[in-house]
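In order of appearance the chains are A, B and C, and numbering begins at 1 in each one.
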């Protein structure tokens, strides 16, 4: 453990953590508002979750249990790397179990298992500004937030319907937080939007490259934007998970061979495993196990 | 004939450092009146328009607007939120370059519908009907409703910009050289359209132009500007038929006769 | 009169006359003496340096020479009509709509206004196939008839006529003379310029020789 001594606990120095914690506190005080912060260089490239990592590093304590997911999975590169990073620089306990984690850092998903009061969900955010693609000027978007001018957000949804006949935005679907700020929930599927509403857990969002932190405190109202005649709807899957037979969960498509074979499985790997352990079995489970 | 002015302009001046933008301009604009501000480039007409439309703060002087609630409000002292709300509901601004007044990367329908959504319309079907209606009024085929203005000709873009501004039934529209940069036949069509809309909707308008023919066709009254000051004003055909100031006479006699 | 480089040309001075309802006053005198200028001053196109132009408008007497633009416009809409020598054409607007427009401005429904416009154009023998076209390409006589129809369609109390028959043939001149007679019978006050002696004789109740108002004569 000699190399550990060269780092402060959780990599960032204490001054930086204080600065980030202040930003987090402000973000919690103004739900959905993007607080600028002095984002640091991290030992990983932008786009790898530097914002989320800085937030996690600033709230992490020695007793925390950390879970990291990437698109719902604990075992993909991004998740594995970040988990290893915190094991190394903070020596904290890690887990893949949603229930056991106190801090969950996520890229693009919210776990299927409802979160509890004692948990904090940290999102990695690439572009925090929901109005960005329609209004390129930061001065203007800030003013629009300040004056609550959100007509433009509906222009985006209008365009969707005009082009596709329905709102085709399926991820990074804009929400209004506590009736005030319009917020980009990061590129999570809109399937997860309802989970943000009145969630028991604290939700923190960190955008490293864009240098913004925002938050949704526990039990906060989060409403997805829509039109009266085109109400918000989440994705529906016409079959259950091929491995654990779960319904009403978010599924990933897995290509099995080059002859068009495919299956749909839980994107949340922990949830899927739990169900399999509990004896739920989908049609493809036997084949999978046989292959192993 | 309405007895109260919509806009009261009292001794407006704008200085850029020591340079004069415009100085000591006063006038009143009544509902349904169209005022043309003419003058050559650099005469201060665009500066004046910017001061009136709150895009610039005048150095001195007061611009008051008759709000829908019947009160006069000093535009410079209005809160920004309220002023911006006014600008996208009760006012319109038609830029010379339509790209400045349009969102070039969203469809024509959304360009028209944006103001409706901004004031809280949340019914897609109704927004779409309103957009179609306005496209028809500015003579844009409704088959183009989902096309982006990038794919439109200059004249169509300008007509789209007008529709986008008028959809919330504003009472006052500012226009900065609305026909500038268009070729003559397109100009004629646009002028006729504007003339009809202004008349049918009873709009008040302030039009900045260097084209006296545009002023003649669209405006009731005219102000001639030179070196930042209004040197002559009056009924449009009086100013054009019987110009009193040497500079106005020069302008009028410079028109090419066809 | 002001033209160029601030040069002031005195045109007419001390013009005084009055016109009663139902009367047609003709301004006479050689050309260049200022007849048209007087008419344009009466209509507000030309500014008035001194004096008053009083007319009854909306139950009160207004001084047009000092009126604000919007009052002038209001007087023109409701009280004071004008048939100019030349038609100012508006791009893309049909002859019929040009004629109907003043009626619509006075609050008449567009259907009714167009019907009345059609009657007048028919009476002035303008070929029906021209009605739907913008008059920019019409001949002088055709444009003139559109102009006359536009001026005569309303019930303006005062009507100014600047050589309305100049480019018309005999048949249409007669129509215009009849129309003027009808206006007089209806109590309209008319002030006109007619070079055609026959027409002048037919319509004039009184002829005012404008050369009396010449500033040169005053100087002499």
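In this section, contacts are C-beta pairs under 8 Å (C-beta built on N, C-alpha and C of every residue); 3 or more make two chains touch, one makes a residue touch a chain.
Composition by chain, UniProt nomenclature: A = Alpha-D-ribose 1-methylphosphonate 5-phosphate C-P lyase; B = Phosphonate transport system ATP-binding protein.
Just so it is clear, the structure is predicted and the values come from calculations on it, not from any experiment.
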| item | value |
| --- | --- |
| Minimal step count in the chain contact network, subunit A to subunit C | 2 |
| Far-end chain from subunit A, centres as C-alpha averages | C |
| Separation of mean Cα positions, subunit C and subunit A [Å, integer] | 77 |
| Rounded Å distance, subunit A centre to subunit B centre (Cα mean) | 47 |
| Length of the line joining the C-alpha centres of subunit B and subunit C, rounded to whole Å | 32 |
| Residues of subunit A defined as touching subunit B within the complex | 134, 143, 147-149, 151-152, 154-155, 158-159, 161-163, 226-230 |
| Residues of subunit B touching subunit A in the complex | 80-81, 84, 103, 106-107, 109-110, 113-115, 117-119, 122-125, 127-128, 145-146 |
| Subunit C residues touching subunit B - in the complex, by the definition given at the top | 1-6, 40, 44-47, 69-74, 90-93 |
| Residues of subunit B that touch subunit C when the two form their complex | 1, 30, 33, 188-189, 191-192, 195, 217, 220-221, 234-235, 237-238, 241-246, 249-250, 253 |
